[in-house]
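Here's the structure, in structure tokens; my notes come after.
Think of it as A, B, C and D in the order they're written, each chain with its own count starting at 1.
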Amino acid sequence: MRRYLAILSCALFFAILAYGVPDLPDLGDPDAPANKHVAQRYIEGSYTESGVPNIVTAVLANYRGYDTLGETAVIFTAGITVMLLIRRKWN
Amino acid sequence: MITDHLSVLIIAVGLLGAFFTPIIGLIRKEMCSLWASFIILLQFLISIFLLYQVIIAGNISYWLGGWEPPWGIEYAVDLLNAFVLVIVAGICFSVSIYGRKSLGFEVPDKELPLYTLYILLTTGMLGIVVTGDIFNLYVFLEIGSLAAYALIAMGGRHSLTASFNYMIMGTVSASFILLGIGYLYVMTGTLNMADISALLPSLYGRPVILVAIALLVVGLSIKTALFPLHTWLPDAYTHAPSAVSAVLSGTFTKVGIYALIRVMFTVISPSYVIETVPVMSILSWVAAIGILAGSLLAIAQYDIKRMLAYSSVSQIGYIFLGIGMANKLAMTGGILHILSHSLMKVGLFMVAGAIIYRTGIRNIYQLKGMGKKMPYTMAAFVIGALSMIGIPPTIGFASKFYLAWGALGAGEWVFVVVILLSSLLTAVYFWRIFENAFFGVHEDIKKDEAPISMLLPILAFAVITVLLGLLASLPIGIIEQWVTGVLP
Amino acid sequence: METVTSFGPGLAVLVSLIGAAMILIFGRYPNIRESISIIAGIIKFGIVASMIPAVMDGKIIELKLWEVLPNLPIMFRVDAFGLLFGLIASFLWIFTTFYSIGYMRTLKEHAQTRFFFCFAMALSSAIGIAFSANLFTLFIFYEILTVSTYPLVIHIETRDAMSAGRKYLLYLLTAGIFLLFSIIAVYHYTGTTDFAPGGILAGKGIPVNMLYLLFITFMIGSAKAAFMPLHSWLPSAMIAPTPVSALLHAVAVVKVGVFTATRIILYIFGIDLMKETGLALAMAYFVAFTIIVASLFALTHDNLKKRLAYSTISQLSYVILGVVMLTPAGITGGMLHILNHAFMKITLFFCAGAIIVASGKEKISEMNGIARQMPLTMIAFTLGAIGMAGTPPMAGFISKWYMLIGSVEIEQIPLLFVLLVSTLLNVAYFAPIIINAFFKEPDKELSYKEAPLFMLIPLILTGIISLVLGIWPDEPLAIVRIAVQSLTGGT
Amino acid sequence: MVLDIIFAKYNYIIYITLMTIGFYGMIGKRNLIKKLIGMSIFQYSIFLFYVSAADVSGGTAPILLKEPAVYVNPLPHVLILTAIVVAVSTLAVGLSLVIRIYKEFGTLDEDKIIELSR
């Protein structure tokens, strides 16, 4: 019963996602919107603005630095959680 | 001026506070809870300032790192954000005071990690609310979720499996959201909410956008425990420590609803999700079923916390119903119900926690004489429950009034009936507790009230429930202003 | 009509709220607690009475508090009709307080603080309803009344009482939901919920079907008035202590229902609309049915309080019957009956309670010869009973007379017959009690005496007042006339 | 026509297939570790989606060269760096939960755990 339910919901899930596929931009399409708008600006301007040749680094640490701060907080959370859960002293 | 940086400070304070908690905990364990309360109090004060600023001076946009959006991350605060921020921070603060005793009792000797996670939970939720960048929202969602999994797992043996199931569901939900965000990004090339909403209209009708909406709606519905995606919630709330149940019921689900409103009504334009694609009316029908199902399931429970959890499922249905009908009145009612349900349910969970703290009783049929044993606590319970039923003059009445009015105005008779009928069902499951707690015991029972640090937040919530019920036009004014700006 | 602003109505509600709070605070000291009850009652009556001159001058007293929801303020407005009801409720509260003290102390009841607290809350809401200026305010107090009377109903906390309480709640909360729906609908269509003498629904382009639906939901909403299919909570609620039955289930709660229904019929729908849609006549026959059937039910019950409860159901419908005649005489009769019935019925309940306290007897068949031991009580009872039947010179006669005129005015002879037949039925169910008490030999030697003075004096006084009201009805009539004048333009 | 779509967008088909497999693992499997494996597949397939969407044909890694060149889109990489960390953290929390559950119940089979916690 449960297996069929799982298969059914997987099929539904697959169908919904597959519905969107033909509409997504082609693989490697240089004119895809994702590669234009903001990304273009990063490629063009990041060196003058942050002085790092690696654009990924520039974006990671500069333009979207707060995502990285959040990322750190996630690791911190996970670390504390793991300690809380499996450290002997706290059990 | 420091006031210009408030919207980022509310997060920065939290993150810094969390990072410093272990250090403080290593010096003196007992300081942790005070520290957490202090940090969250700061956040609460900032959120009040933010609300004040937004009311006085209009929307706030803060560019993190000085990068103009959409290149950098933007924190955008409008009336809705500020309103939800105040609710979330206020509840987290009160529960942190309450938790000092309650968590100390239910989860002894783990102050250090506990309060670190508590601050992180608060900050994660505030981050979801304050951010104007859709990917940043995902990051904060995960901070909050991870902290929530850990906090729920603190409730003992059964809470581990509850937490695990919640984690699986939560990851599905977060992944859906991440994928939805990815679809929106792939189609528009930007992550800033305002920018996306400016670029989207030319893309309406494309299947990818539909899939993105479906993913986001389902993902956020899991997070908010909309029936029938609520399955993680009853176990999690039942087995988590009471303070954690309180804070999660009052805030996390509400933040999810906030995110849904934000995505559906400001990122994607309301006219699209209401008229072109009937997302909203589907949501409202699901919500209507959820209201009834949640109430009926709540009637079947005998564990007080599990009953409250199912009642949450039902009440979340109200909020979705209001948002789903998407007319001004119902939407106002729905958003007001975010406030009212938070106030009532947090109060009720805190009462449940206080009862467990004093007596260890969870079965509602064993509550005999509780009205004499803990009179103030139970009085607060009565007020919270009456507000749930929708008896005036409480805040619960105000939101139900608006919801029913909105449904009536839209000619949705079924929803009118559902809203009104479920008041009665709510009365059924709460009245069992009244009957057991207050009546039928004649001998003298020694008064054994909850400790003051638990009692104060409980009473504060009861008082606010009534006060805001009498002055409901204040929050309604704020909400209506926002709703009028958003809905055509 | 001239409008004056005054804090009076707000104070009148507030006094008993403060009283309730103080009762809670001083719950451990019975004497202080009960003095507070009495003082609050007297002050409250004083405040309400102080508004008589202004209203008699044809003025309307208003007090607008803050807006709870946008455009929906808590607002009080004292007009003649509201004042009449306010006077009854607050005046009788004083008597009932004395009576309850006697009753509760003699029977050594438990949880007396809760009792007096809830009583004060219930009275606050009754007065709040009397003075409400709009449906919204009325609804708030209506629900508070429901909730605050619940602990009174189940006071003895037995299994029976609990299930009676559940029934009580089920009926009244459902009623509240219907009322809420109707209020929202009215607000939706008209943008206001204010009471206005001509009604507010007319001319708003509401579809006729919707009007019918609204009327039905409104009437279900005023189930506190115990119309026939929705009456069964009232006999069940008789399980409450007698002072509660006396004040709440003979006066405050049920009269609130009747008062609400009247307000809705006359001030929301309005006379013209009621006539146009034919709702008035339909309602008249509907309540006529209740009058007869409830009286028949009363005949079958041997328990004195149950019999009185069915009598109440029947008498309440008189009020509505008078009102829906929509003629000056009919409305006068209906409104006046609120007052007259209140005094007569409270006397009867006080007597029933006195009998319970003094002899422990609740069944009519056991009351043979009781008048020998409790003559004063039974005389008061007789006064109330013959008033109920509408015999001159008792108060009941006056209101019934007006209603008879009303039924002739609208040329509905069946209604006339209903009134007459129900008079006979009234006699039929009260006469055996009186005959048993006065003329039958007791089964065995009776040893009890009159009830304590705390109980005896109130019941004698209310008995006398219901006689006085029948002989000199001018003062209440004057108030009712003002109300009727504002509604119909005639007397 | 269909083939064109498949050839032009095969990356998406791969990712949704992987994702469905992961989804099945999460909801269809009873062993908690298998659930976690499914969860990881589920999350990483999303990362595949992001990264493949960042591809520009003929592009080079987004590290600036002296001479002008075509670069792939750097932004999804940044996002996915963050998301990977999130996924790893979730997995860590999940695994530590599993360890605790195993200590408490002595089994990792969901049905048995449900039975034991009655």
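As a working rule, a residue touches a chain if its C-beta (ideal position, glycine included) is under 8 Å from a C-beta of that chain, and two chains touch if they have at least 3 such contacts.
No experiment lies behind these values; they were computed from the predicted model shown.
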Central subunit by CA centre of mass proxy: B
Most remote chain, CA-based centroid, reference being chain B: C
Approximate Å spacing (C-alpha centroids) for the pair chain C, chain D: 70
Gap in Å, rounded to a whole number, between the CA centres of chain C and chain A: 69
Separation of mean Cα positions, chain B and chain A [Å, integer]: 26
Approximate Å spacing (C-alpha centroids) for the pair chain A, chain D: 10
Overlap residues in chain D, where contacts from two or more other chains coincide: 23, 27, 53, 75-76, 79, 82, 86, 89-90, 93, 97, 100
Shared interface positions of chain A, touching two or more other chains: 17, 22, 24-25, 32, 34-35, 38-39, 42, 64, 67, 70-71, 74, 77-78, 81, 85
In chain B, residues with contacts to at least two other chains: 135, 139, 142, 146, 149-150, 153, 185-186, 191
Chain contact graph, described as a line, ring, star, complete graph or other shape: other
Chain pairs in mutual contact under the definition given at the outset: A-B, A-D, B-C, B-D
Residues of chain D defined as touching chain B within the complex: 23, 26-27, 32, 35, 39, 42-43, 46, 49-50, 53, 75-76, 79, 82-83, 86, 89-90, 93-94, 97-98, 100-101, 104, 113-114, 117
Touch list for chain D against partner chain A, complex: 5, 8-13, 16-17, 19-20, 23-24, 27-28, 52-59, 62-64, 70-79, 81-82, 85-86, 88-90, 92-93, 96-97, 99-100
Interfacial residue positions of chain C with respect to chain B in the complex: 66-70, 74, 110, 139-140, 143-144, 146-147, 151, 154, 157, 162, 165-166, 169-170, 173-174, 176-177, 180-181, 184-185, 187-188
Chain B to chain A touching residues, read off their complex: 15, 18-19, 22, 64-65, 67, 70-73, 109-110, 113-114, 116-117, 120, 123-124, 127, 135-136, 139-140, 142-143, 146-147, 149-150, 153-154, 183, 185-191, 199, 206-208, 210-212, 214-215
Chain A to chain B touching residues, read off their complex: 16-17, 19-20, 22-25, 32-39, 41-42, 62-67, 69-71, 73-74, 76-78, 80-81, 83-85, 90
